[in-house]
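First up is the structure itself, then whatever we jot down about it.
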Amino acid sequence: MYDSGSTAFMLVCTMLVLFMTPGLAFFYGGLARRKNVVNTMLMCFAVIGIVGLTWVVAGWSFAYGGDGSLSWFGGFDQLGLVGLVSGMLSEAASVPADAVYPSLVDVCFQMAFAMITAAIVTGSVAGRMRFGAVLAFVGAWSLVVYAPLAHMVWGGEGSLIGDVIGALDFAGGDVVHISSGVTGLILCVALGGRKGFGLKSYRPHNVPFVALGAGLLWLGWFGFNGGSEFAADEVAALAVLNTVVSSAAGLASWLVVERVASGTPSLVGACTGLVAGLVVVTPAAGFVEPWAAVLMGLLVSPVCYLAISRLKARFGYDDALDAFGCHGVGGLLGGVLTGLFCVPELSWTGVGGLLYTGSPDLLVSQVLGILVTLAIVVVLDLLLVAAVRAAFGGLRVSERDEALGLDVSAHGESAYPAFTGLDS
Amino acid sequence: MYDSGSTAFMLVCTMLVLFMTPGLAFFYGGLARRKNVVNTMLMCFAVIGIVGLTWVVAGWSFAYGGDGSLSWFGGFDQLGLVGLVSGMLSEAASVPADAVYPSLVDVCFQMAFAMITAAIVTGSVAGRMRFGAVLAFVGAWSLVVYAPLAHMVWGGEGSLIGDVIGALDFAGGDVVHISSGVTGLILCVALGGRKGFGLKSYRPHNVPFVALGAGLLWLGWFGFNGGSEFAADEVAALAVLNTVVSSAAGLASWLVVERVASGTPSLVGACTGLVAGLVVVTPAAGFVEPWAAVLMGLLVSPVCYLAISRLKARFGYDDALDAFGCHGVGGLLGGVLTGLFCVPELSWTGVGGLLYTGSPDLLVSQVLGILVTLAIVVVLDLLLVAAVRAAFGGLRVSERDEALGLDVSAHGESAYPAFTGLDS
Amino acid sequence: MYDSGSTAFMLVCTMLVLFMTPGLAFFYGGLARRKNVVNTMLMCFAVIGIVGLTWVVAGWSFAYGGDGSLSWFGGFDQLGLVGLVSGMLSEAASVPADAVYPSLVDVCFQMAFAMITAAIVTGSVAGRMRFGAVLAFVGAWSLVVYAPLAHMVWGGEGSLIGDVIGALDFAGGDVVHISSGVTGLILCVALGGRKGFGLKSYRPHNVPFVALGAGLLWLGWFGFNGGSEFAADEVAALAVLNTVVSSAAGLASWLVVERVASGTPSLVGACTGLVAGLVVVTPAAGFVEPWAAVLMGLLVSPVCYLAISRLKARFGYDDALDAFGCHGVGGLLGGVLTGLFCVPELSWTGVGGLLYTGSPDLLVSQVLGILVTLAIVVVLDLLLVAAVRAAFGGLRVSERDEALGLDVSAHGESAYPAFTGLDS
Amino acid sequence: MKKITAIVRPEKLEELKDALNEKGVHGMTVYECMGCGSQHGWTEYYRGKPVMLNMIPKVKIELVVNNAQVDGLIDLLCEVARTGEVGDGKIFVYPVEECVRIRTGERGVKAV
Amino acid sequence: MKKITAIVRPEKLEELKDALNEKGVHGMTVYECMGCGSQHGWTEYYRGKPVMLNMIPKVKIELVVNNAQVDGLIDLLCEVARTGEVGDGKIFVYPVEECVRIRTGERGVKAV
Amino acid sequence: MKKITAIVRPEKLEELKDALNEKGVHGMTVYECMGCGSQHGWTEYYRGKPVMLNMIPKVKIELVVNNAQVDGLIDLLCEVARTGEVGDGKIFVYPVEECVRIRTGERGVKAV
């Protein structure tokens, strides 16, 4: 028989991770300009529809199907989830003694990861990308980039990054944050900046929605990191505790940075710091001690703050809602710090961090894992961008539609028709 | 001893289902006109207060009390939940070996169902019904219609629809969605349309709130369908997975329908499709394979779209927020499709769907179950409407109050006093 | 081995309680004036950052550290959570037979309580307190007042209030609600009223946000009260059921009070009644029968209504968002009523309420517990206020900043820059 | 050319628009505003405390028209906007010196 | 009849309303607007990037009054709305040709 | 002194502000409004039902200027705000009788 406690835990964590995508719609939607709210939120909601389908059709099979013989890909045997229910029915007769929970749970838990990852990407393209092109891109991306990458990191024995290279990624630093952040960067460079980018500055149209989104993401992330232990046990508890304290530290240090840099700590800043703290602890959540999680949170905010306020201005890419500045940069930092702070006894591979072992082995694996991730994502993304651009005859909406706002021009829907106001 | 894993799961599912009612307040509140936001949301919130009390006083007893000898009604023995705690204390000594979780959990889980069902009804009457009459109606309805219907479908051995007719209803197609949707229809016909209905068109005043409500409903629905397995096991996992993929498919197909019909896929459309996908899979969640759940989601959106955009215009009933178009129609479709797609091994009665067995037995039971549900609901509703109308001397507010908006006229409270704007 | 079911339950409850603090940010944020929204919400969010850190550094140790020899304080042995992970690793080898879940879970569960308690306090100071002073105060308060108080009530054998006095507090009537409500009162008296207090009246700027906050608090509270059983069992189920019915009753009776007093039942009223019902049942949730929980909910709303609408006007303290009127008063009432309604078999001490035993023993303990709580909180608060006032050279912002609103003056951030409107 | 502005109850806007359209008046601009006058507003309650609303939401309709239309329009506006209760609002008429249609650059009466 | 409009700081609205009420001016209409002038606004920051706010929220108070009241009201408005810092706003006076009370149909000075 | 008001497309506001600034016009007040005119708006859909938007969001720019500036500004506004499609908006000019700078109490032309 399965362990009903862990089954319950994994099911609830699945629900919470699924809930992150609507949560992100508010985080991003609040940051958007008033004329692009519907478009920004709909990109996240549409991801639910699209990845929900691609995952059933092929994503699950590409990531976790097959016989485990390929280091970079699952297989084709579970396309359409065929055999899932009949497998479950026959399995019910003879559950392996060490089975913790039904494998069906995993299909759904991992789908939730695929959804939120694809949704993060859309933050970079806000306000100017054709809606059809966005949908085509994220659908293809979930199959061609995300699913294989998930296999490479979490595919178990023989997988390229997780096993061969030996990089640790507790809940998705590489798979989720680096992949989505870097993809956002590539897309926003491919698209070019919004009209007036660099001259005008944009403000979030609805700060409480940003806070709402951050709160919902926070909740979902407990399931994200806690559930990545795949059992209701003490490591799951540690992962949750680390998630809380790292995000708290990220929030606090962002406020301090703002106090120093501009004199005024802000709510958008607090929420950004909270999310940055969540990102940085993701690859490390079940591997590190709470004090290390606090430290990671304290460090990530200044780093992301600089990336967002300086790098972006310097290199002039219009990462509209900072998918790269937050997730890409935070994920990179978290991956590296895991190589420092991982407690050997908690490590999946038995290899501990520099701080405990004095040996840079894990650190090297972490960096290598990140580099391979970057290489794969960049190459595949460039191909995908080219394909989508060709298919749609361009990625951007017309200048007139951009000025009018995508809500009216692409969706025929104003977010708040009964309220007066102007984007400023 | 109880299975603590399933107890944990059922408690958490209970919490999530309870949370659906505030969620619905946002789904409906966002769709309402600006001058009726407080009224629309308060109808949902008040349901918490009213059904919370009616359920304790008599609802639980009417639905699940008694000795099971009546096919259409529970009993009077658990009025006021008397004996619940003393039962629990004595039970603690000798828990039956096969007990999964304490029966106390059920009282609360089923109360949450009664709340959300009553709350759905209020969507049809938005903008014109007297607040007192709404409260009286839903309070009485929860006792006179909902509780007996729950008994008939889920009352176990001997129950009219669930056992005698043999209709399957995993999580509430008949009990929740058809009953509430049809009641909404009857109420909105009894009330008549809002002033200007058919001439003016209304827009949702706050699209992000619609999305928020949809997101919260989505989360709650995982508990709704997953918890309806009453254990943390593989069928619960299947129910959750089916819920996700059907809603994803409903969202996607609604966007496609809109793209074809009006050229502009919208966020309200995506949210409506998501909810329609949730409704349609509700009676089937633990009975069908994921591919069937996807198909159900793909089908429900065009059907509901037609019902909402064509039927309503054709017959001229003012189902303001589409409780019938969404829940009634989606529930009907889901009930019928369950008769096609139910996997025999998963069926509670052992009778499988047409597609697996080649026999129309289950399909016939499903249709019969729906017809009986319709008959009971229509007859009782008409009586209730007449009673409430008589008691309150009319169901509608004055024309002047309707024009001014119910927020100010009935509640002395503007939803957003600090924002400028007009309903358009 | 641990009980994975209870572990799962406690982890999920932890997540839900953590989520209450962002929820409160909306409850308070919606009640605030438009020009103070960011400030009001940020006070809650900042509490996450600050208490997240203080709890790790010393709060946990002060509350639950030590060897249990002190009746009013934990100890210094777990500062910085040192030894937590190594303890977990060694513990894993030899889990005590009766251990329900890993002690790590408790660190996080109790941290969530510390966060929400500190956040409640901020409701009293809305619109006029210096942001830095708020942060300093709540940080110090969580260490100096909250942590020792938690020890005194829940510190087990030998603890002052919980054991010596023998007062019952299921989930935090004394520790959470009385302590925060009274602290709010002291702060708002120390601060003085907002400009125009008593002459002008303020309205909530965003009623749906109040409802959102109430809904999120409702959800979180299920984890708060349910989790306070520390196991997934029938008492947890009872606590959840009582929480639901008491809040439902509070909501209903507030609407009735408003109907009688002003003629117009309102959504802010419904939400306030819901929260009052939650507060009153908190100390009693696992101790009383459902009918008693209903009664407590029915009683609390008129009492809080009078406190808010009459007491405040009478004594002229500007408890801006009614932290005292809701949490202080509701907590007091709940503590006393526990002394009446506690079922002896459910009591932690075996001592039942007056109604069951005919003896006032428990009632006396309850009142004594409350008085000791009040004494401790008042004395320490006065010292803290004086210290913070001295450190910051005053607690209040300038008159000009207050008139302009704290959002722009203290945070350089407008909550809704794209919407037109005025505080009225 | 004259500018007619009518400050009216928001719930009358739809009817006024329809009435003006029927009369062939198509150009118009609408503003939201808050007014106080003889009308004392309503009382809302916040947690048992009465909140007097002395500023009441109103709508201002602005029409620039030829001199000849002024009287007819005033009568029409009065008729449609009147409920007979305090708070029906006011109409003001102002002189206009010039009018330009941006799209074409046309000026004066034919640009109205 | 004249129309006096005063564009002022939003935080002064309450005081102005009280002052006008005291003087017996009851009819008034208030609009929200955004102004730019000598005042340069404040700087907000969004994720470390300064955002210059060159349009500042203001409030316009509109009073239609008899000619005799104009000067007294200008003085009153100036006095109450003045802080001495840039951004205090402006008062403009316009001619009004007609005034109608919708409720009664009264016209001219007695309708004001 | 004259008051120039231009009712224009909201998406033109930024450009107009920049253009006016360049010409040295600093004082200006902006209002949001809804207009109808020859332009028929767009159609939104709500659950498959078309919703005709006959009131379109517009922005009104108000400039009080000296008589001499009027013509130049009208030309400038027309040039920048014109797209050539229906809905570009209108400019109206009104007489102003007095102008007061609240901060200093200055009056007339130098207060503009």
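Note that the chains are named A, B, C, D, E and F in the order they appear, and that numbering of residues resets to 1 at the start of each chain.
Note that a residue touches a chain if its C-beta (ideal position, glycine included) is under 8 Å from a C-beta of that chain, and two chains touch if they have at least 3 such contacts.
Remember, it's a predicted structure, so these values are computed and weren't measured experimentally.
Asker: Provide the labels of all chains in contact with subunit B and in contact with subunit E.
Answerer: A, C, D, F
Asker: Going by the touch criterion at the top, tell me which pair is linked by more C-beta contacts: A-E or C-E.
Answerer: Per the contact counts, A-E leads.
Asker: Please tell me the distance, in whole Å, between the geometric centres of subunit E and subunit F computed from their C-alpha atoms.
Answerer: Chain centroid spacing, subunit E to subunit F, equals 19 Å.
Asker: Please work out the Cα centroid separation of subunit B and subunit F, and write it as a whole number of Å.
Answerer: Distance between chain centres: 50 Å.
Asker: Would you mind listing the residues of subunit D that make contact with two or more other chains?
Answerer: 31-32, 34, 44-45, 55, 94-95, in rising order.
Asker: Counting only residues that touch at least 2 other chains, which ones in subunit B make the list?
Answerer: 3-6, 8-9, 12, 203-204, 206, 212, 262, 264, 266, 268, 412-414, 416-417, 419-422, 424
Asker: Taking touching chains as linked, do they make an open path (line), a single closed cycle (ring), a hub with spokes (star), an all-linked set (complete), or other?
Answerer: Chain contacts: none of line, ring, star or complete; other.
Asker: Can you list every touching chain pair?
Answerer: Applying the touch rule to all chain pairs gives A-B, A-C, A-E, A-F, B-C, B-D, B-F, C-D, C-E, D-E, D-F, E-F.
Asker: Could you list, by residue number, the parts of subunit F that touch subunit E in their complex?
Answerer: 3, 17, 26-31, 64, 94-103, 105, 111
Asker: In the complex of these two chains, what residues of subunit F are touching subunit B?
Answerer: So the residues of subunit F in touch with subunit B come to 34, 44-53, 55.
Asker: Which of the residues in subunit C end up touching subunit A in this complex?
Answerer: 2-9, 11-12, 14-15, 18-19, 22-23, 25-26, 29, 37-38, 41-42, 45-46, 48-53, 56, 80-82, 84-85, 88-89, 91-92, 101-102, 104-105, 107-108, 111, 131, 206, 209, 212, 216, 410-421
Asker: Considering only the defined contacts, which subunit C positions touch subunit B in the complex?
Answerer: 3-6, 8-9, 12, 16, 33-34, 203-208, 211-212, 214-215, 218-219, 222-223, 226, 231-234, 236-238, 240-241, 244-245, 247-249, 251-252, 255, 262-268, 270-271, 273-274, 289-291, 294, 343, 345-346, 416, 419-424
Asker: Show me the residue ranges of subunit E that touch subunit F in the complex, using the header's touch definition.
Answerer: 2, 6-8, 31-38, 54-55, 58, 60, 70, 74, 77-78, 81-95
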